[in-house]
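Following: one structure in C-alpha cells, then a few remarks.
Letters A, B, C and D mark the chains as written, and numbering starts fresh at 1 in each.
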Amino acid sequence: MLNKIIDKTMNPKDAVQEFISDGDTIGIGGQSIGRVSTLLAHEIVRQQKKDLTLVGCNLSLSMDLLVGAKLVKRTECGSGSFERFGTAFQWRNAIQNNLIEFQDYSHLAMASRFLAGSLGIPFIPTKSMLGTDLLKKQNTNKINPFEIINNPWQKDEPVVLLPALQPDVSIIHAQMADKSGNIIIEGFTTHEPEMIKASKKVIVSCEKLIDSEFVKSHPEKISIPYIFIDAVIEQPLGGYPTSVYNYYEHDSDHILYYQEKARSGGKEYSNYLDEYIYNCKSFEEYIQKSAGTNKIKALKDSMLKLL
Amino acid sequence: MVTSFTLDDLMVIEASRQIQDENIVLVGTGLPMVASLLAQKLHAPKMCYVVETGNIAPEVIPTPTSVCDPRVMYKAIKHGSLLDSLGGILQRGLADIAFLGGAQIDEYANVNSTSIGDYSNPKVRLPGSGGANDLASHAKKILIITRHEKRRFPKNCDYITSPGYIDGPEGRKNAGIPSKYPDIIVITNLCVMEIDKKTGKLVITKLMPSISIDDVITNTDFEPLIQSSINVSNPTQKEIDTLHNEVDPLGVYLKKNNPINN
Amino acid sequence: MLNKIIDKTMNPKDAVQEFISDGDTIGIGGQSIGRVSTLLAHEIVRQQKKDLTLVGCNLSLSMDLLVGAKLVKRTECGSGSFERFGTAFQWRNAIQNNLIEFQDYSHLAMASRFLAGSLGIPFIPTKSMLGTDLLKKQNTNKINPFEIINNPWQKDEPVVLLPALQPDVSIIHAQMADKSGNIIIEGFTTHEPEMIKASKKVIVSCEKLIDSEFVKSHPEKISIPYIFIDAVIEQPLGGYPTSVYNYYEHDSDHILYYQEKARSGGKEYSNYLDEYIYNCKSFEEYIQKSAGTNKIKALKDSMLKLL
Amino acid sequence: MVTSFTLDDLMVIEASRQIQDENIVLVGTGLPMVASLLAQKLHAPKMCYVVETGNIAPEVIPTPTSVCDPRVMYKAIKHGSLLDSLGGILQRGLADIAFLGGAQIDEYANVNSTSIGDYSNPKVRLPGSGGANDLASHAKKILIITRHEKRRFPKNCDYITSPGYIDGPEGRKNAGIPSKYPDIIVITNLCVMEIDKKTGKLVITKLMPSISIDDVITNTDFEPLIQSSINVSNPTQKEIDTLHNEVDPLGVYLKKNNPINN
C-alpha cells in the first residue's frame, strides 16, 4: 500500500466549502432511517449552497432538509420516504407546489445509473420500468431521462437505456475510515458502493477513524479504497437521528418530531431549521439538543443488543 | 378448536401459505416480512430472505420496522448492495416471490405508489417507486397484501408505478417486461384476488370467513370478476401461535383486536 | 440465514456428470497460474464432454487441457496465456490449424459481458476495443460479437455494445466453501464474481469445507452467496499446479513440463493426458505423480512465508 | 562516479522517471512492475499500484512473476476483481499511467499481441489482448518498455490489438477512444520514442548512452522521426542501488551483465 499516507482528514466546514459548489449534482448516501449523512446535510444547509440537484435511491432526511431549506433545484431518485415514518414531506410539499423539478426512476434504475458512472460507460440497459408511467409521464424534458431501443441480439425486444450518472460530489456517513479515505461500511450498503465510485468527489464522515495499518491487514473489510475519497471527517453520531449499524439505533422520537414539523411546514419548519441547524454552533450541540446523553446511551445500548 | 384470530391475522397467514420451501423471496418490512417469516418458521425452512438494501439470507430478529433495521441484518450471509439484490438477484431472474404494496391497485393489478391526481401537479405526492417497479417487473410471483378499502381499488390508477398486467393478458409481454405471465395474488382482509391469465384481470378466488361477495364488491371501485366463493382456510393453531408468539410477539404489526371466534 | 442447510456437497464425478452436458458453454475460473480449477478440468476430460464452448478472461491450463483433449468447439476469451510460461500452446496450435472457432475480446469486454449476464440485462456498453482489429477482424460471424451504436446522449460518440454472457455452467476452485455453497475467494478474484453470478449452474471445488455457522458470523468474508452455487466439492490441492493464495504457490516445474508437452503436441501431449489424467484413478494419484509429498510441502511453506 | 549499469537497467530506470507521486498506475509484472516499484521507492512514495486481477495498492514483495503472485497481494487495501481494476478504475478514467507490451509496435504506436500473419490463419497465434487493449484505450499516459529489435517495430502491425494513434493525430479521437490524446512513450534499450501529437507518429526523443541514431534506425523497420538526439540521463547511484538491492535483489528480471562503466 502507500509508503506514505495521504492525509485527507478535514473538518466538515472546510470540506463542504472546498468540495461543494452552487449548482452541483450531489449524491446522497444512506437509505430511509439508516446511515443518513446528517452531519454533512446540516453543513450544506448552514453554508447555503444553492441550486443543487440531489440524486440517490431512497432519499429521506438529507434530501428533505436541503429541499426544506430551499437549496434544491431538482431531484432524481427512486423514492422520498422515511418508510413507516411517512413520505419526505418537505420534498412532497415542494413537488405539490411546483417548487422543484423531479425525475422519478426505480431504485434499480438509479443504482444502474451509478454503476454505469462507476464503470466509465455512457449508459446502461435495464429491463425495469417497461410498460409503466415511469417511462410514459415526465415532469420535465430538459434532460432525456432514458431511451428505448431494440435489443440487437433479440428481435422485437425493447430495452431501456439509462444515462450514466456521475455526481459532482457525494456525501456519505460510514462506520469507519482511515485518514487516507479507505472506508468501511457495515450492514446494508444500498446504492453507495456504485455511487461513491461514480462520483467526481466524495466527502465521507465516519463514526471512528481507524489506523491505516488495520486497513492493510483486513482487505476484506474495506468497502471502498481511498482513491475514490477526497475528504474524511471523524464525527461520532454523524448519522443521528438515523441508525448506524453496530453503533446506534435510530431515534424514533426525533424522527417523528422532524416529520411533524416537515409536514406542517411554514413557520414550524423554519423554527426547526433555526433551532437544530442555524443556531447550533456545532454538531454536538445539535445532538445534545435533540437527544441528550441519556437518550444517546439508550440508542447505543439498543443497537448492541441486536448484534 | 382454534383460538381467536382476526382477519388481519388470516390475511398474513394466507400470504405465508403462498411461499414454498427454497423460494428466494424479496421482502421489505411490514406485513410482507411478517408473512415471510411465518412461512420460514412453518413450512419453508430453506426460504431465502433478501432485503432490497442488500442483506442476503439473514436470521431476522422480530420485529424489524425498516429495511435498514439491524434486525434484518442479523447473521446475514452477505451485506451486499441494492444492486446485488435488485440487479444480481431480482433482474437476474432469481426471485421466486416479491411483495408489493401501494396506494392504488387497479383491475389489471397495476399499482400506483407515486402520486394521486395529475403527475406534474399532484394532489398528493407519494414516496414513488422505490424498488416496487423492479419487483413487479422481474419476480416470478407477486404478492400484494393490503387492507381492503374502496379508494385503494380504483378502475384505473392515477399513475402506474409498478406493472400488473397493464391492459390485458398480453400487456406485460407486449411491453417487453421480463416476467411475462407471473402469478399475481392480492390478499386483503376481505378476500383473495388473483390474476386471471385469460383476461389479465383480477378475479376473486377466495373469501375471508364471514365475508360475502357483496362485501368485496361494495369495497372495490372496479368490478371484480368472480371465479369462486370458497373460503380461505381457517388458520391452524400452529399458524396462530407461531405468528403471535414468534414472528410478531410484541404486536407491532398485528394487534389482537376484533377476534373471530371459530 | 437458512434454518435448515441445503447440502450441495458432491464428488467431482457426479457433479460433472449431473451438471455438464455436451455442447455446453463453460465459464472457466482462475487466471494464468493462479487458482485454476484443475480438478474439474481433469474430470471433464475424463468424462469426455464434447463440443464445448469455453469462456473467460485469461484462460490457461483448464482451457489448454480441454482443447488438447479435443473437446472444444469454440473459445471466447481475452487471452490464452501462462504469462512468463508462455502462450497456451494447445490452444495456439488449434487456432493455427483451424481446429476451433475463436472470438477475441479484451479482458474488460469479457468481464463486462459476465457483468451484464449477472444483472439480467441483454447487453452492456464498453469504450474499449474501438479503433482496433478486435472490432474489425472476425474469425467467424455465426454469432454477432458486438454492435456499435451512437451514444443517444452525446452526438457522434460511438459506443460498443457487448452481448451478455450466461454460461451454462462455470467451474471454479476457491479457498473455502460451506456445504450449502457460500464461497470464500481470497486474494485476486479476476472475472469470477461476475461470471459465477451470471452462470446458470456453478460447480465449486475448494481447499477446505467450512462450517455454516462461521459463514453467518463473517458476512464480509463471503465472496458469493449460496444461491448461485449448485455443487460443492472439497478437494485440497484442487488448483495444483497453479497457486492458491493462502494455501500454496504454483509449481514451476510441473507447469514448465506441461508447457513443454503442450508445445510439442502429438504423441508427447497425448502421453501427458494418459499419464496425468486418464490413467489416474484419483486426483490424489495425479498429485502424487506430478509433485509428491515433499514438493507439496515446499509449495505450501513457500506460500506461508509470503503472507 | 556511478557503479556499472546495463542499458536494460537504464531502460527500466528511465521508465520509472515517468511516474509521478500519487499516480494511479496499472501494472502487470515483469519490467513494468520493476519500473513502478522503483519509482515508488524513489520519488513517488504515494503511487498507487493496481493489478489487473483486482489487487489495489499492495506493498509488493520482490520479486513477483505473475499477476496472480501472492507477492502482488501483500497488504493490499482490497482484493477486488478484474472489473474493479479495468472497469472501475481504468475505464472510469482514473488511471494516470498504464504499461503495455507486445510483439509488434508500429509507427503510430499501435501494438499487436494477437497474431503474426493472417488473423484467421495465423503463422503464430499470440496470447491476445488480455487487458492490453483496455489499458491502451483508457489510460492518460501509456508506457511501453521493450528491447529494441527490428521485427518488433514493423511499419504496420499484422493485427492492431491495442490502439496507439491508429493512423494519425486524430486517429484515436475519430475512433471514439476515451483517452483521446495520451502521451505514449516507448522506452527501449536503444532509445526513447514518444508520440508526436502533430503527426501521431513515434519520434526519437532521447538516445541511450553510446547509442547513435543510426543504431536505432538499423533496428527499426519503420522510419522513425527524429526530434532530438540528447541522451537519457545516466542513472544515479541511488537509482542503481535501489533497483538492484531493493526492487530486483535476486536478479529475476535484470541481470548484471554487460555493464557500461561511466
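Everything below uses one rule, namely that a contact is a pair of C-beta atoms (placed from the backbone, for glycine too) under 8 Å apart; a residue touches a chain by one contact, two chains touch by 3 or more.
For clarity, every value in this text was computed on a predicted model and none was experimentally measured.
Under the touch definition stated at the top, chain B and chain C share these contacting partners: A. Between A-D and A-B, more C-beta contact pairs are found at A-B.
Centre to centre, using the average C-alpha position, chain A and chain C are separated by 38 Å.
Chain A and chain B have Cα centroids separated by 28 Å.
With each centre defined as the average position of its C-alpha atoms, the distance from chain B to chain D rounds to 58 Å.
Residues of chain A in contact with two or more other chains: 112, 119-121, 126-127, 157, 159, 186, 220. Among all residues of chain B, those that touch two or more other chains are 79-80, 83, 87, 90-91, 138, 178. Pairwise chain contacts in this structure: A-B, A-C, A-D, B-C, C-D. Looking at the complex, you find that chain C touches chain B at residues 1-4, 6, 118-121, 182, 197, 215-217, 219-220, 222, 225-227. Taken in their complex, chain C has these residues touching chain A: 112, 116, 119-127, 144, 147, 149, 151-154, 157, 159, 161, 163, 186, 220-221. The residues of chain D lying in touch with chain A in their complex are 22, 24, 40-41, 45-46, 48, 56-59, 75-80, 83, 87-94, 138, 178.
Interface residues of chain B, counted against chain A in their complex, comprise 28-30, 51-55, 61, 65-71, 73-74, 79-83, 86-87, 90-91, 110, 114, 119-134, 137-138, 159-163, 166, 171-172, 174-178.
Partner chain D is touched in their complex by these residues of chain C: 31-35, 57-58, 77-81, 83-84, 87-88, 91-92, 95-96, 98, 104-109, 111-112, 115, 126-134, 136-137, 139, 157-159, 186-194, 242-243, 245, 249-250, 303, 306-307.
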